[in-house]
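Both complexes shown next keep subunit A, but they swap its partner, so subunit B is in the first and subunit C is in the second.
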Partner chain A sequence: MIKPLYKYEPKNGFTRWLDARLPVLTLIHGSFVVFPTPRNLNYWYSFGAILTVMLASQIVTGIVLAMHYIPHTSLAFASVEDIMRNVNFGWLLRYLHANGASFFFIAVYIHMFRGLYYGSYKEPREVLWILGVLLYVLMVATAFFGYVLPWGQMSFWAATVITNLFGAIPLIGESITTWLLGGFSVDSPTLNRFYSLHYLLPFMIAGVVVLHIWALHVPGNGNPVGIQVRVPQDTVPFHPYYTVKDGLAIVVFLFVLAVVVFYQPNALSHPDNYIPADPLKTPAHIVPEWYLLPFYAILRAVPSKLGGVLALGAAIFVLFLVPWLDTSRVRSATYRPIYRQFFWIFVITCVGLTWLGSQPPEGGYVIAGRILTIYYFLHFLVVLPVVGLVEKPKPLPASINDPVLPPGESVRQAAE
Partner chain B sequence: MAESDTADPSRRDFLYIATGAVGAVGVTAVAWPFIAQMNPDAAALALATTEVDVSSIAPGMSITVKWRGKPVFIRNRTPAEIEAAKAVPLSDLRDRTARNANLPDDATADDANRGVAGNEALIIMIGVCTHLGCVPLGQQGDYGGWFCPCHGSHYDTAGRIRQGPAPENLQIPPVAFVSDSVVRIG
Partner chain C sequence: MATHILTRAARFGAVIALALFGLSASAPAQEELQEEQAHEALHFPIEAPERRSWSFDGFFGKFDPAQLRRGLQVYRDVCQNCHALSMVPFRTLADEGGPQFTPEQAAEIAGAYTVTDGPDDQGLMFTRQARLSDHFPSIFANPQAAAFANNGAYPPDLSLMAKARSVPSGFPWFIFDALRFYQEGGPDYIAGFLTGYRDPPPGEEPPPGTYYNVHFGADDETAMPPQLFDGIVRYTDGAPQTVEQYAEDVAAFLMWTAEPHLVARKRLGFQVLIFLAAFIGLMYATKRRVWAPVH
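Moving on to the complex of A and B:
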């Protein structure tokens, strides 16, 4: 790994005093100021920073919403309406939080597909990738708990369906479901504990984010060319080069979020969740939030309760194995002509599953769901290992500078 | 340090094992209440019973009552529905056990074992799909019984699973007639 160009030197008496006792300023300086970052990162690499900002935004809006929300079955729905109508700027805070969750998932999916395209999970970044998948699982759990809190029809039936997934476990499934619910059906004890966990998990996410960044900073960033940084000229200091680049990406991303919050605040949610929860009546057509639709389609594709639940779990678990399923030694899909095509087929498969998850479980939708579910697993279990073995990659450039600098320039810079 | 390692190893080993053992038991003992607190509390466990007057339910009519927080379907089936349910051979069923809390666990899912004893037209079932807990819709689906809109499970006129992802027939709760017209659930 390339060393930073210079070391942090405290400038005044206080920072010298502090840094000698707790070198936190040295740590921040080394990680976010002089950190040597490949000079060829494109905007797809900005989504890590965007995700950090979205986590902070969700925690801040969530903490203030918690000052007004009441986790009881008889008051939860009313308290959310109270936030929308009576609390000062409550409508803005809630719409920021609800749409912020959607945008959090937009950013994480782009971040994950970027990792799959550029082979970011490959040696020596396997642990970085595993921590990322763990973060995704924690995000899904947090989003699910949060979705239950408004206690609308979709909230209630989402809680019912998801907790019943555990009932598919042989022998102990029923007891686990009862234990999770704190009763025989979704009720006040369920709502209360989901609220507690919804408040806890974001801070666990923040903790794993620290590990994720730590695991990133040991080998350093990957890059679109996929070859290792070799000489100091391959890198630039994180500040100002990437603070500015990430900063611009964050502003543009938040701008799009603001457009949705102010002009289409309910476009990404379901109108049935504005109907108070009714334990005696399931809505005619229940669907999860859009970001979980692909997994919902996989759950419904299998015509057996246990099988569907296992397929749902396997669809997420297989992501943990990606570093070992991909046999290619070339990281970036830019230099992998066959894998690049399969990558886009996989993206289309995921978009297709998302759409199928939103459709009723009947006729052609079920058949299409089965085909795409099989392909989803084929991509990981067959395409990734086999393509890596049979594919002839394009020649890699000698340096990460070659694709971005004029011919000869990188050689000249390296010689300096 | 070399001397202290060899001075009295049995004493340190004893403390090491004893501390570890007490610690492990202690952690387990403390974990127990933290896990057990999530199970249903005394209020939820207090077995509620519901009494319903079924005399006003005409043939072809259904009502839904709430028992233990769950919907319970009570249907007075039409003769055609009873005939349809009786005509199904046991070998055609996905789940061949009655799932009837009033009968032994291994009772077969014949129509007679699904209806209320002594009144074959009446069927009383917990209205919770055995797949993932949605409430099925009555008199819908390919078998004229119940259809779960969530994931497409079809139940027949005796509430038996016929098609779709649900693994079991709709559950039948403990029921008993307390008079000619009133039935107690629970």
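Moving on to the complex of A and C:
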């Protein structure tokens, strides 16, 4: 357990009174002010803070949108347009919320690849990693439900395609689908329950985020070198060091978000979703939002429907197992010359699957999709265990101070 | 040290590339290579419409009120015979950043339409002159009636048309589109569609009730007959009375109906970016100072 260096001293009568009864100020002080944080975290470690900001932004914009949105098939599309046209700054709220979801996923993917690169999931941070994957699953569900709400053509048909997948489950599939839909096809009962769940899940996400940070603060942050913090000189207090560093990263991220929200707010969405849902007219090309495309590619790579659904589930489930699939004792890919190459191959595989997910399922695309799907699983099931066993890691520095300070300086600092 | 910076830069590049891939993937139509598209809707069976320049494109783009007024005139003289514009209230014709009629002029335009209202205190529906708070009424009672009057093809509501169509640019080029802030695929498409009628190639007779159109997104021929001919709408502001001009004017007008707050959005966006840029500068300076003793 990481112990903060200084204990919280309440400064005035009220805080003394409160803290003696509920030490919430001590908790905040210990977790976000004096919390000892490795001094060598790079900007890839800022994405957790960015994610927290994005969650808050989604909840705030979402709650205001919900004050104007009407979850009924005959009114949903018009109510979203009413927000865009007639609610003061409604266009801003909606564009922030819709593009915010995309940026939330950009941040979570960077956060996850960061974890895979630096071995952040390794002992003693397995539970932290598992909670992270759970957060990702909740985000996917939230975004899927959210995408249905504007009730455009893509909303409707994505809902139809995805809920149909449950029909592939043997024996009980049909009943499950009917139960999920609240009927025999996607209709008002479906929209209503999806709206309810879309409102619920972000708060569950917020709850899991608390557990995630708790699980982070027991062993403390990992770091790019991957060796444990040994001496107090290896760390700096979270405030002001990381409040300013993460703060800078957050503002830069928001800048990029603002460029998209204000200058190309529809670049990340499909034009068909500006056509009201029409159950009688199938779009030429049904595609999910970009952040779900890799899984869509995996789904379609398997020739049988049930097989596709199982592969899709397995592709996410395998992430839970990563802490035990990786056999290497060295955390950071910086010191793992072979794993590092495989890491980048895996990144390219995921980018490739994203692209293939947007292509029609035919000809060369299907073959490429199958190859990349197989490689996706090989990476986890073969590369991670085998490379860990055969690879000879580079020598690790003696302390996390070594790589950041010029030679000689670390000795002086340690002696201080 | 130098190599360290280089690898950092390379990794940063990879992330940007990843993000851009993500961007592209969202608009699937954007990525499909032209040749592969022949059989898919949105992938121009014959020829992609050209890209035009618009007063409202780019960083500081604004609608040209005179153009929007001409576009409204084309809509009222021609398109309105078939297409509804149900999301547009008359009052917005007087809004800042739109066609900027005076409220009196907008009321006069509304007054030219009749709408059904009621029931009155005897329980009867009645018709009355439209007011500023009304939306453009459709001349058809419902979509079925509109389709029936058009050989079974439904003329879609045009309110959002400019955001419901696009001109995809194909796989690597979407990156440049994003960097150029290209968002005008909708109006490019509409103007292209309206000017895309040609004589069919010899031997290729369009089925009855359809018209050969090289820029139609869904097929070789469309159920919409050619509508624009030189001189059919009388402009009073001296603008050329050509098919090209009509098509661009009505496309610009439809961009406004689809995105009525575009001008406000770009203006506010600029202020927000200035603010965030200054904020970044301050945060960067603070971060440097705070970290100086540690580095």
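Brief remarks on what is shown
Following the convention adopted for this analysis, the second predicted complex is superposed on the first by the 414 of 416 C-alpha atoms of A that agree within 3 Å, B and C clash if a C-alpha of one lies under 4 Å from a C-alpha of the other, contacts with A are read in each partner's own complex, and residues count from 1 in each chain.
Keep in mind that, in the parts below, a residue touches a chain if its C-beta (ideal position, glycine included) is under 8 Å from a C-beta of that chain, and two chains touch if they have at least 3 such contacts.
Predicted model, so just to flag it, every value in this text is computed and none were measured.
On the superposed subunit A, the positions of subunit B and subunit C stay apart, so the two partners fit side by side.
In the superposition on chain A, A:Ala267 makes contact with subunit C only, not with subunit B. Once the two complexes are laid over each other on the shared chain, residue contacts for A:Gly247 go to subunit C alone; subunit B is not touched. Legend: residue contacts after superposition of the two complexes on their common chain; A:Thr282 is shown touching subunit B, with no touch to subunit C. Once the two complexes are laid over each other on the shared chain, residue contacts for A:Pro189 go to subunit B alone; subunit C is not touched.
Of the two partner chains placed around the shared chain by superposition, subunit B is the only one that A:Pro361 touches, whereas subunit C remains out of contact. More subunit A residues lie in contact with C than with the other chain of the pair subunit B and subunit C.
When the two complexes are overlaid on their common chain A, residue A:Leu165 makes contact with subunit B while staying clear of subunit C. In the superposition on chain A, no contact is made by A:His111 with either subunit B or subunit C.
Computed from Cα centres after superposition, the angle at subunit A between subunit B and subunit C reads 70 degrees (steps of 10). Between subunit B and subunit C the least C-alpha distance in the superposed model amounts to 9 Å. In the superposition on chain A, the residues of subunit A touched by subunit B in one structure and by subunit C in the other are 283-285, 360. By the touch criterion given at the top, residues 35, 38-41, 44, 64, 66, 68-71, 127-128, 130-137, 148-152, 164-167 of subunit B touch subunit A in their complex.
Subunit A makes touch with subunit B in their complex at residues 157, 160-161, 163-165, 167, 178-185, 187, 189, 193, 279-286, 299-300, 302-306, 308, 360-362, 366. Against subunit C, in their complex, subunit A makes its touches with residues 39, 78, 81, 84-85, 91-92, 95, 102, 105-106, 109-110, 236, 240-241, 244-245, 247-248, 251-252, 254-255, 258-259, 261-272, 274-275, 283-285, 287, 289-291, 293, 344, 347, 351, 354-355, 357-360, 404.
Of all residues in subunit C, those touching subunit A in their complex are 14-15, 17-19, 21-29, 31-32, 36, 40-42, 59, 87, 92, 156, 159-160, 163-166, 177-178, 181-183, 185-186, 218, 258, 260-261, 265-266, 268-270, 272-273, 276-277, 279-280, 283-284, 286-287, 290-291, 294-295.
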